[in-house]
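Both complexes shown next keep subunit A, but they swap its partner, so subunit B is in the first and subunit C is in the second.
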Partner chain A sequence: MTGTYAAATRQASARQGAAAPPVAPRSRRLRRQGRAGYLFLAPSLLFFMVFLILPSLFAIFLSLSQWGGYDLTQIKFIGVKNYRDILNLHSTFVSPILVNTLVFAALSVILAVVGSLVVAQCIERLRFQGFWRFLYFLPVVATVVAVGNVWKMMYQPSGLINGILNLLHVNSIGFLSDPHEALPSVAVVQAWASIGAAVLILTAGIKAIDRTIYEAAEIDGANSWRTFWGITLPLLRPSLLFVFITQCIAGMQSFALIIVMTKDGGPANATNVAAFEMYQQAFRFGAWGTASAMAMVLFVIIFIITLIQLWISRRAGDDD
Partner chain B sequence: MARNRRSRTPWFSYSVVAIGGLLMALPFLDMLSSSFKGPGEYGILPYHFLPHHFTWSNYGAAFDQLQLGRLFLNSVIVTAAVTASVLVTSAMGGYALAKLRFRGRDVIFRFILATMMLPPFLLLIPDFIIMLNWPLAGGNNIIGQNGDGGMTTNIVSLMLPFLVSGFGIFLMRQFMIAVPEEMLEAARLDGAGEWRLFYNIILPQTGPVAITLGLITFVGQWNEYIWTSLIASTNPDLMTLPVGIQQLQSFIDPNRTTPIVMAGIIISILPVLITFLFLQRYYVRGVVLSGMK
Partner chain C sequence: MRPALFGRPGRTARFALVAGAAALVLSACGGGSGSANGKVTLTFLSHYGDEPMKGGISKLINEWNSSHPDVQVKQQTVKFDDLLTTLNVRQTGGRGADILSSYALWGGQLAANGVLDKPPADVAKDIAGNYSPAAAAAVTSGSGQVFGYPTEFNTYVLFYNKKLLADAGYTKPPSTWAELKDIAEKTTKKDSSGNYKVEGLSLIQDGDNQTAHPFLSLLNSTGSTFLKPGGESALDDNAKSVMQLESDLVKSGSTTTSIMPTKNFPSNGVAMAIQAGWWIGSLKTQMKGDYKNVGTAPVPGPEAGKKGSLAYAFFTGVNARSKHKQQAWQFLTWLNSNKNTQGVTEMGDFLATNGLIPPRKADADILGAKLQAADPNLTPIYQAADYAMAESNAANGYKAKTSLHNALDKILVNHAPVDRTFNDLIAEINRK
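Moving on, here comes the complex of A and B:
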């Protein structure tokens, strides 16, 4: 989109040069447009100033400070001590919390991407696509409170899933009470709730692939498995990358689901993730400086992982 | 599409999508049936899917115990205000970035794109502190001190951090850039001001994208949980539907309250579900657009 934008500005300046003679009215009109432009943008820019730039700077400053809350004059600048406290080998923030965050994100991303890819590939051949789409999209429009609570209910010993397991003569599983099961259990819900959006984007991507390529492959006698690996997957890479990156970012910063389903990141920190720990440190324990440092660390990690994904995909693109 | 490859019914695809669809629907069905289970029927072994004694009483209990009217009103006020504000500011900002030429436009556009990269959790803490220290609100003085809760005492605090959307401005700009320049130039030569152009020429054409953006904003705000729960923790009068329901869930004996919570959830997601059912294609378009970069 920056490409089209650059083209548009180039065009604009070219036209400006061509229409040289009536200089005075045009420049006056441009000046008027300039004033109007800033007026139209003023509410948004003011908003971003107060709710984006100011808080971002404040977050950076707070992460280098010690503060117990309330009185702003009590903020004490302490340099990188917060970072040193949370980023060492003995800190619970690194292990289990950051490890949990990565495991949670990886599990939910893999489940959501594989699931949505399979569904998008299949849905595209069916009738009643609107109905199926609606079904898969339901969780996306439901609040996290609904999603979290209904799954929490289904995970109970007396809930639906253990009911089915018992029917199959399998012992009940403590999905949310067993420290080994809790994190994967919540990751499944995260994937379940986000699969609908991924299906939509991938379906749109598949529809955009040129039909004649498939016809050519069919004439060559390729079966649908081969066309999927040989044509759909490579040509779908931009949509796939987008889904992958957005799901990854969402997975790493998600904590509403964890508040709703496990309340305190339990059992025994098993579902405690970085954004949730930040939330707890600030709003429950009043350690605002530590919490801000955690937010910064998580932000940097998300940023780096996104860059790595973009880099890998670009390299893979060059190899083709 | 199927006829391009195989003319017979794609049974495999049907079964995959149907099994997946069942997995998507099952939690909602379980929620629905639990909301009709009578007292003592939930939380017992063995699990049974359908209620033995069908009852509406959980819905009545949800209304009583949740102060559902109050929660509903808060949700409606906040969602309506945020949606209206996002639509207006996005249309204005999008117009400026798409159709007006001025110094710094490129920089501002890149800045708007960058705002979308900033994850919300990063601003949670500073935004909350800004609310507490908002000047001249909730007893604060002009430099935002000495008050009792500052802006967090006011329902406006639920809306403030969501009033402008970088994504909304971007979406509007992408849409408006397709409006033919000739239409605007002709009107400009006739001496129409930029506000007139915006109001009379651009706005009437933005219907579809406005519905898309409005719908995405409406759904997102109706479902917003983290920020609202923070504000409501200092002032319970400001609870919205998700926050109030979660509150009820976490208080009392779960076996007794879960069916009531399920009833509350169903009431709370109905407005979104109905809207989504009718305007599905607009929402879908928005999601797909966001995927096209």
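Moving on, here comes the complex of A and C:
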């Protein structure tokens, strides 16, 4: 269908081109219109140039330089030394920092996607759907500082969660002080805080599924579980892919929650992730070159993971 | 002919360029000093934004402003947690303040990046000759550059709860590591679920890099140091023995990082803690009548007769990019040497009132004697100024200190093996 339309458009353009003789004033008008178009685009292009392209180019240049961060005249080009320093087996950037980043992203993505899918499916069956969506969206509106501090209090040895565990005769857990528990504990908060946006997207996706497919399944005797696996999940794949990619990127770039909940990426570097380490290298240690090299490595990792997700999705036929 | 949209492109582009350049110049001028009608206004960036420090420093600045109408000082404050970032961002944007207050640990980094002006010879001579050796060392780089006048200066000692020690059968604080381990073990108490009721010895403190300062105090008691003047590791077998001591203490359950001493010591939940002298003021406020149970002693060494402490300081220096460096140094010289009727500098008086050691020796001699007579717990703190190791201020000092904290965290939290952690730490510091 799409191919037919494109062919028809091409043919029409070719006919127009063959029939119309070159008219100089029209061409001038088109050129003038083109200039006007670019002028209208200029503010947004300028915005992207100043706030996206230039900083990105500067970050690439810094990643190949040594700079203390105070005086632009002191930038010293050192080639790939920063990359060599951070990408060797003895570097803490590879382990534990990159490992932590990937584990944190994976945990928060899995929890957020599964959680939002369950919540969206439940909301679909309830009355007052707007109210429930609003309720689950509230954490997205709240600041990370508030969310982080509330959960930090709940995770304390004398906090709500340990209080409940103690009532059940379970010993207190050092959610943020035990290096084995700290990263998953923060990942839970990251997932909880981002579930609202995912719920909105997934409920919209569920609503977009043709009701007649469900009716046909019901007539064929399919139960709720079978309907979910056979209809809802496959037809939600585009929405799920979007949620998956955005959650994955947010998880890998997470910084504010870590700094609020564990302050220094502790205990014992257990919650130190790439974005926090970049901040630390640049603003605390004055190693802007190292921080920029880390940013480039993280960019490449996110880019590759996103490409893999898109490739898997396309193989499954979502590009239709 | 129809005129082109938005006029001629050349004129528009020229206007945009001029407007942009003007905006940049104006914004660059916004944060620094200014001068009009022969009057100079200096900006002073510090972390003294909360009372009582804010009121104290404002009083001194107001005094200067009223007696020096041609050189006015304008205070700018941020929270301590934001101080280094603010220094960095404003300096890069050309909006750095004329006078900077900074943690001495960052001094090497700031000096290496050309942020700090070298003080006049008389200022450097005053600091080297008339200030406590540890305070002067804290604000002097390995190459001998003085960053500025030392201000907040403090030393680390062992705080102990006399009642908890007495309950465990001890009438004196420990004077060796063996005694330290013994008392820590005997004073530790846990409930049936394994939760701490009393922690024997706390090896952490509030704030950044919690484990570093207590470790460095113990390290000083062995006679060894942390970093060489160039920032390379100076950690030796003595340092490894301190790490081993901390490892033994955590394995015996006498210490933990899950209890914050600033919260639990006042409620009799910690028997001993290695902390800075400023803590006395907080303990008095929090413990009220129970403060009588608090004692202080030098941080013990591996053998009897040895003791150690870490000294840290802040400093006030002048921005190398300031247009009024001379006036800025004049103000700082006045701020740190103008004496009150008691014969001590007003800065020294202000610092002592806020629980800090006056870094100028003459001030400490006069004020220290009075304060120690009122509270004997201050004596070990003032005495430590004579033997304490100044915190390293090498350009990589902050990074190295963070690496030290992470290594100690591995020992205290993960129970990591000492040998491997120690060797990894040295390698990490030397990679800079």
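What we mean here is this: the second predicted complex is superposed on the first by the 280 of 320 C-alpha atoms of A that agree within 3 Å, B and C clash if a C-alpha of one lies under 4 Å from a C-alpha of the other, contacts with A are read in each partner's own complex, and residues count from 1 in each chain.
By our rule, a contact is a pair of C-beta atoms (placed from the backbone, for glycine too) under 8 Å apart; a residue touches a chain by one contact, two chains touch by 3 or more.
This structure is a prediction, so every number in the text was calculated from the model and none was measured.
Peer 1: Mind checking subunit B and subunit C on superposed subunit A, clash or fit?
Peer 2: Result for subunit B and subunit C: clash.
Peer 1: Given the touch rule stated above, what does A:Ala291 touch, subunit B (first), subunit C (second), both, or neither?
Peer 2: Only subunit B is touched by A:Ala291; subunit C is not.
Peer 1: Counting only touches as set out at the top, which of subunit B and subunit C does A:Val243 meet: first, second, both, neither?
Peer 2: It touches subunit B, and subunit C stays clear.
Peer 1: Considering only touches as defined above, state whether A:Pro157 meets subunit B (first), subunit C (second), both or neither.
Peer 2: It touches subunit B and subunit C both.
Peer 1: Given the touch rule stated above, what does A:Met261 touch, subunit B (first), subunit C (second), both, or neither?
Peer 2: In the superposition, A:Met261 touches no partner, neither subunit B nor subunit C.
Peer 1: Which partner, subunit B or subunit C, touches the larger number of subunit A residues?
Peer 2: The larger set of subunit A residues in touch belongs to B.
Peer 1: For A:Leu72 in the superposed arrangement: first (subunit B), second (subunit C), both or neither?
Peer 2: Once the two structures are laid over each other on A, A:Leu72 reaches both partners.
Peer 1: Which partner does A:Pro179 reach: the first (subunit B), the second (subunit C), both, or neither?
Peer 2: In the superposed model, A:Pro179 contacts subunit C only, not subunit B.
Peer 1: Applying the touch criterion given at the start, work out whether A:Gly37 contacts subunit B, subunit C, both or neither, answering first, second, both or neither.
Peer 2: A:Gly37: touches subunit B, not subunit C.
Peer 1: Considering only touches as defined above, state whether A:Phe283 meets subunit B (first), subunit C (second), both or neither.
Peer 2: both
Peer 1: Using the superposition on chain A as set up above, list the residues of subunit A that contact both subunit B and subunit C.
Peer 2: Common interface on subunit A, subunit B vs subunit C: 32, 35-36, 72, 157, 166, 283.
Peer 1: Which of the residues in subunit A end up touching subunit C in this complex?
Peer 2: Subunit A reaches subunit C through residues 32, 35-36, 39, 68-72, 74, 85, 90, 92, 157, 166, 171-172, 174, 177-179, 264, 266-269, 280, 283-287.
Peer 1: List the residues on subunit A that touch subunit B in their complex, please.
Peer 2: 1, 4-5, 8-9, 12, 29-30, 32-38, 40-41, 43-45, 47-48, 50-52, 54-56, 58-59, 62, 72, 115, 118-119, 121-126, 130, 132-139, 141-147, 149-151, 153-154, 156-160, 162-163, 166, 192, 195-197, 200-201, 204-205, 211, 214-215, 218, 224, 239, 242-243, 249, 253, 255-256, 259-260, 263, 275, 278-279, 282-283, 288, 291-292, 295-296, 298-299, 302
Peer 1: Which positions of subunit C touch subunit A when the two form their complex?
Peer 2: It is residues 4-6, 84-85, 88, 91-92, 109-110, 112-115, 193-195, 208-209, 257-258, 395-396, 398-399, 402, 405-406, 409-410, 413-414, 416, 427-428, 431 of subunit C that touch subunit A.
Peer 1: Mind pulling up the subunit B residues that touch subunit A in the complex?
Peer 2: 1-2, 4-6, 10, 12-14, 16-17, 20-21, 23-28, 30-31, 34, 42-49, 88-89, 92-93, 95-97, 100-103, 105-106, 108-109, 111-112, 115, 118-130, 133, 145, 160-161, 163-164, 166, 169, 174, 177, 188, 193-195, 198, 219, 222-223, 225-226, 229-230, 233, 241-243, 245-246, 249-250, 258, 261-262, 265, 268-269, 272-273, 276-277, 280, 283-284, 287-288, 291-293
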